[in-house]
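Have a look at the structure below, then the notes.
Order of writing sets the labels: A, B, C and D. Residues in every chain begin at 1.
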């Protein structure tokens, strides 16, 4: 009879744990964390360049301060009197469509259009035209402050070129930025989510893993904030009823 | 061979679901929600009075507005682009030691001391003396605004008297409030968590279920806030870097 | 300046909490739990019939045993060494598209088609034809064991008729079941999710609240399972490597 | 007026994000992921040896297959119809006292005893005696299968020696293993949690961060399992009522 669970990831025996076939005890001390992550996600060991690209990608999203909804959720959960891991989980929950979701959506978009296309520049022009006409909201483009270029995207794409991961998806991502600028006369900046999406696509990853890159990279940030809230934070944070909340509902009435 | 899972709660057959032995299809239309909850938690059907007490308890904690950490966490998670149930789960995560936890701690405290005690008033005096001397922080007592009495506690305890649930635990809870006032000359108010803890103890519930009463009662509030945030809320809420966050770390430096 | 948060649900002052305008201290002891829930979700007090319908709806989904993914997730989380509320939150997380999601999808479907339609039977025939031809998977229909009718749906719909909530949406839901049977010659049973979806639609609720009905009704079940796992469960549940897991990945190899 | 939030971790300006003072755009491409994590958690850049130690620690816990409660919870949540990040969060929730918690507890234990002690071997003998007499359950010791030594601990401790992190805490951890063996005549193996706890203590980390090391290291494993469940898993996993669940409650009865 078939067993209830199937997996291709890890084999546990009484003596050893095998990650994608490699003994864990051989990995310890020999592989960097990025190499181990690559092996786990891709099933094979990375080259030196793949490892370096992974290091850059995870570093690029490692933290973004207290402001984002993930950290506010996390710190509120900790301040309710919870342990570190419970706060971190609440932070991960906030990674929805608008918080890390662009990475996945952009991967899907790039892979859908660029994967089997020969004429990337022609494609970019066609898509740009359509996108402007139909007012698409394209995931991976646009930034609140960066209007000329996103310096994190530039760093990542320069590195991708140097390391050999600047393929069709990156070309399409950048060409689309240019094509839109030509049509609209102003730039819609390829942001860091978009850059990571293009590069991981060129590295051969499935778009359904997209959010995973963001989660792995950002977790250390969540852990750091959870630790800070636990050790120096506030017990039972609460909004100030008078200055922060506006009540717009039914006025007081008798039952 | 023993099966992997054991349960005393619910039996599913192909024809029927039995909750503590009663057919679910017989329960629908015959039992109120509070009666069904009581049956599920206690294993037997409630009396009319037990049902009424449950209705009052759950109603007393049904919502407390936007301010508490559970709702702030929930709304931030929804604003990250998540579905209703994900936000509600984040809200539940916030119910830690300082957020609903007092109910459980107070139940434990009341049951530990009052359960097998004959002289409740003497007990209250001894504990009050010790608590004041050793500066205990007693769960279920104290309130930010109510300094004379908590009107919700009064309502619940009056009802408990009327319905026959004002036993040893309630007597101890109230006597302790009095005894502390005598010693300190000022009141340490028995709050709503404390009142519910005393009453549910007199209803015969295990203190380890304490948080459960709070969760069941507050969930409709979380659902209402999640719905409001989904339909009228803000996409990607974020703190304002300039007015809300103070950076106290290392000043900018070169790598 | 506009305040950061707006809400129509609850107003907190130093003296009182007002739920949709009504003082919480007046609600305690006067309203049943279902009445309080209705007030919170709808903004107004329910009639006697609305209250009874709510009691039946929440009771109908209150628990479904150990088997569903929500309870398995919850019990595994508790068995990792966690508190009751953390387990309950994990259970709520499992309420995705395939677990309670049908209720919301069915509400959307019924409201989209039936809301402004005069000829409900004609509509049902048209939709049934299209659904069979295009092999739609219609949310709220179909059941693993019930092939003739779902007894929970029958109970709820009979009650809806008696209480005056059997309107266009219920008529459409039932007519569609009939129309499909006529075309296919076999029944596609309107299940409990579908019945609740039709009734709550006729009660005037927004489909985006759909999952909320399921969550509120099922939470007592999750609490009961969390309590049972905490008090009688297993520490660190784990699958049996030999009998339950099949490893299909790369065979062991040297690094 | 003091701002509502304080942090020492990250500063965001309109032009740049500074992690512990260092510009993020300078970090990308220059730091490995482990270096960035170290900087984030410790506040300063790691030495070459600190980086290598981190790589080994995170790799040593990167995955442990389908069996643990975190992965079972995660996969059940995904199978309920949820997105990748929701499943990962459920997995993190399972990291309670018995699942990664030993790491934190062992750090606390080692730091409490060994931090300011001169005579580590004498200490180990005293504690071992007491522990055996009073039947302590010491976190970080004991393993289901490894009875002689845990090969992962050996790898990590050998590396700690080579890299200069084998200080008081490691000495105490190993001496305690020896001292217990002398008294009981059989080994209580220092497991991988215990080894990591000793090493990170010698690296100068606060024990309250302990669970964080486990979370950061294990997240890639959770992501890999979530991706596998999403792409090759089962919709609505459920236990088999007949073979897996034993009902021990009230037999069916009439309402």
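We adopt the following convention: contacts are C-beta pairs under 8 Å (C-beta built on N, C-alpha and C of every residue); 3 or more make two chains touch, one makes a residue touch a chain.
A quick note: this is a predicted structure, and the numbers were derived from the prediction, not measured.
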| item | value |
| --- | --- |
| Common touching chains of chain C and chain A | B, D |
| Remotest chain, chain B as reference, centres from CA atoms | A |
| Euclidean distance of C-alpha centroids - chain A vs chain B, Å | 37 |
| Intercentroid distance (Cα basis), chain C paired with chain B, Å | 23 |
| Distance between chain centroids, defined by C-alpha means - chain B, chain D (Å) | 32 |
| Interface hub residues of chain B, defined as touching at least two other chains | 5-12, 16, 27, 31, 65-67, 82-83, 86, 89-90, 93, 95-96, 239, 241, 244-245 |
| Partner chain B, residues of chain C touching it in the complex | 5-12, 14-17, 19, 24-25, 27-29, 31-34, 36-37, 40-41, 52, 54-56, 58-60, 62-67, 75, 83-86, 88-90, 92-93, 95-96, 100, 145, 151-152, 155-156, 158-159, 206, 208-209, 211-212, 215-217, 219-221, 223-228, 230-232 |
| List of chain D residues in touch with chain C within their complex | 65-70, 72-74, 76-83, 86, 89-90, 93-99, 101, 235-241, 244-245 |
| Parts of chain B lying in touch with chain D, wherever the complex brings them together | 2-13, 16, 18, 20-23, 26-27, 30-31, 43, 45, 82, 86, 93, 239, 241, 243-255 |
